[in-house]
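Shared between the two complexes below is chain A, which has chain B as its partner in the first and chain C in the second.
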Partner chain A sequence: MKLKKNVAVSESGLLFNPVTGESFSVNPIGVEILNLLREENTDEQIYSSILAKYSTDKSTFEKDYEDFIGILTHNNLLEKHEETNA
Partner chain B sequence: MKKQTLNIAVTALNAIDSPGPGVSVIRALKEAASFDTRIIGLSYESLEPGIYMHDLVDRTYSIPYPSAGIDSLFERLLYIHEKEKLDVIIPNFDAELYPFIKLEHKLKTMGIHMFLPTLHQFEERHKVNLNDFGKKYGISVPKSKVIYDLNTVHSLPSEFSFPMIVKGKFYDASIAYSIEQVKSYFNKISAKWGLPIIIQEFIHGTEFNVTGLGDGTGKTIAAVPMRKQYITDKGKAWGGISISDEKMLDMTRKFLRTTKWRGGFELELMKNKDGELYLLEINPRLPAWIYLAVGVGQNIPEALVNLALGKKVVPFKDYTVGKMFVRYSWDMIVDREEFEQISMYGEL
Partner chain C sequence: MSKQRYERPVIKKLETGMPNKFGTRTEYQPMTHIDGVPVAKLMKEYGSPLFVISEKTIRSTIQKAKKAFRTRYPRVQFAWSYKTNYLNSICSIFHQEGSWAEVVSGFEYDKAISLGVDGKKIIFNGPEKSEEDLTKAIKNDSLIHIDHLDELYTISELAEKLKARPRVAIRVNMDTGIYPMWDRFGFNYENGQAWDAINKIMHSDNMELVGLHCHIGTFMLAPSAYGIAASKLAELALSVEQKFKHEIKYIDLGGGFASKNTLKGAYLPGSDTNPTFDDFAEVISSALLNSNFKQEKLPMLILETGRALIDEAGFLLGSVISNKRSSTGRRNTILDIGVNILFTAFWYDHKITPAQEFTHYSEDTCIYGPLCMNIDVIRESASLPLLNKDDRVVIHNVGAYNMTQWMQFIALRPNVVLIDLEGKPHVIRLRETLDNMNNMENVPVHLKKFNL
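Moving on, here comes the complex of A and B:
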């Protein structure tokens, strides 16, 4: 999954969906994850990146990450990676 | 080069909790790049705040209510025109549009220009006719029924599920969760706005609005969609944000192309959870939040004036997304003599 291109994320953690006009706020780790999603990292790459930086275990982070992805999906902020056959 | 100064008359100076568009329209005109303005306010009530906003309104005249008839309005406009040499009138109330549309040709021969929907467009988009309008132009609208008699209310549950919307022919809408509530709203709204009452299917979703301008040939001159962010208990937007939704813009362009709409408008839209758009209402005039359109780069009132004067207007191509308006209330201190002047002499 990746963050929709038109969704704006400010440094302070304010998300704005220009299609619906909705705004959301996320904490600094949320911003980091959103930026990793925007860069089209895989889930595993995101796990590695966060676990290398913060003292938490993988299962705790996986659960929180899935919850976060669930909220982003529910609010229509994500889209699937384009499949490439090349 | 010195710009031309136009004498523009504007109605709906009631910048109150259910605001008329007049003051916002005037602010837009004051920022017009293509002309300067002298603003003549046209008021119905002595306490319309715009009357006392002397930095925006140069002079105000009271005009008769639409119920007084077209001749009374014409006579009064004739008097005002003699004094002020009006170039353009922008009426901003639904209820006054009928007499102004009827007078458009006559006023034009006197040098007073307007840019209003045709009588056919005005009638066709009426909420009483919304079902037929949707069918004719292939636009999704909620199911609705026009009722004239309180006794017919009992048959509604066989056609509509609760909740349902009870609407007045010009203004007011309430959500009814039982037959008793439908009856109560029927009485309340019909006492204020008359019959008929419109019963409309309730669409669950998020409300959006689009304002814009059609040139009368099917071309879109301007279109700006907005999501209401703060809604008062009267359902009025007290804060909103410009958005970029292609579906909404497509529906707007389709509306203008198929109806060849002439003039300003506001579409009230509902988007359900599946992303389907429904057209709830077409307001045949500019909305009270029109100044947001100016703030995002489309001065719609200025373009409307230029169209009224027969000038060529280049359609707006884009606007800033994510710009907000936040409305506020403001107490003015007014001398009693000013109130007396407008109340007793109808001029200020």
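Moving on, here comes the complex of A and C:
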């Protein structure tokens, strides 16, 4: 999974999708995940990175992460597999 | 190195200029303490969910209400509306503050007597009073508010039988300019029913008409309606004086003052828009003082305010069971608080505050209860900080009606804790147990065994 190339994310958590013109607000942990996605980290790498920094357990984060990815997908912010492979 | 506090990742689309049914974020500070007692400690000791009542808030609210009326009108008496919250400790606080008892059933009447309330200071309202109830009330010289003619004739017969002269009032319904007009309690003013009932009482020798009562509505947002009601009752009282040379001792305007809750569908929060005690007092006092009563013959003003005196003192503490998404992507949060114990969730958009630190990020959320019932919705739409499983929340303004209209449905009802003026918690109603429920049942012998 990878964040679409042209999606811009500011440090303060403002996300802009130039294709649709839509803007989003993201919280700090969300920004961290977006940056990890942009760097093409795997899910496992993202889990260990977040779990090392925040006081939560894997099952809680995994559930929240999947939910977050679901919303990113719903808003068309992630590249599809074919696009990633291309 | 210690780890940072975890918050769920969240992304929210920015929609400028679009109407939003969830409204803007309303919570800026967590509610970690109630009257100086940590919410976390209360829940650890007494469980979740948990009702908490602040004695300090009850006393300051009733004192504020009394001040609003007594600075404007010389003779004011509050009577605690038992149906709003009849936990013994709560009734006792109001009685300590000088309130009489206002009851609407034999059960409530007996409760007031068992608490030690003088029968003369019990107002007996309600459409159903059995002969047994009325006999007790007559013997105790209570104030009986007559709801219909059948009751009037029953009281007359009992008075003769008991050789007593009960003190009665009639309940009057009327058009006060509000919609819907409540015309189910008592006798109508406009069509002459009320005057007819008054004449029947005055012409019978065995009852003493001491008061006039009305109950014009509930959660009233227009103080002016009380002004109209007070004027109409004053006019009736003056007519009685003119025709029978009989003095009506009191005018009772019933209950119905709105609390600070926000009604469903209201655009602005109730805490900002609902009338204050001063607003109600100003209109009611003016109506009575401007009527034709002579200064020395002003009737006592009785108020049966319930909701506005207790709502703010009640809190319901609970925990997050889970977060999930609906089929449309909406955030759903499930609490361990259901409509079985928060009946007023059907009427209000209750204010909900997390009881632990949170960031400024919020999420449009639908808050569900734990019942396996589709109607178990606490807030259909709320913009709340991000809540995690097991997080604690405080629901505000739950003091009125919930601890009387709650249901033992699916689950057992929780502890109720009162925090006293020194900040000491007391359990004033114990959490129910399975034994409590089973003790009320009998299983016939032939049903006691089964093989599966």
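What to note about this one:
Rule of thumb we're sticking to: the second predicted complex is superposed on the first by the 79 of 86 C-alpha atoms of A that agree within 3 Å, B and C clash if a C-alpha of one lies under 4 Å from a C-alpha of the other, contacts with A are read in each partner's own complex, and residues count from 1 in each chain.
Just so it is clear, contacts are C-beta pairs under 8 Å (C-beta built on N, C-alpha and C of every residue); 3 or more make two chains touch, one makes a residue touch a chain.
Fair warning: this is a prediction, and the values are worked out from it, not measured in the lab.
Model built by superposing both complexes on chain A: chain B and chain C fit together without a clash.
Of the two partner chains placed around the shared chain by superposition, chain B is the only one that A:Asn6 touches, whereas chain C remains out of contact.
Counting the residues of chain A that each partner touches, chain B and chain C differ, and the larger count belongs to C. In the superposed model, A:His74 lies in contact with chain C only, and not with chain B. By the touch criterion stated above, A:Pro18 is placed in contact with chain B alone, chain C being left untouched.
Least inter-chain distance for chain B and chain C in the combined superposition, rounded to the nearest angstrom, is 5, based on C-alpha atoms. Under the contact criterion defined above, the residues of chain A that touch both chain B in one complex and chain C in the other are 22.
Residues 2-14, 323, 325, 329, 359, 361, 386, 388-389 of chain C are the ones touching chain A in the complex.
Chain B contributes residues 206, 208, 226-227, 229, 240-245, 321-322 to its touches with chain A in the complex. Every residue of chain A that touches chain B in the complex is listed here, in rising order: 6, 8, 16, 18-22. Taken in their complex, chain A has these residues touching chain C: 15, 22-30, 33, 52-56, 60-61, 64-65, 67-68, 70-72, 74-75.
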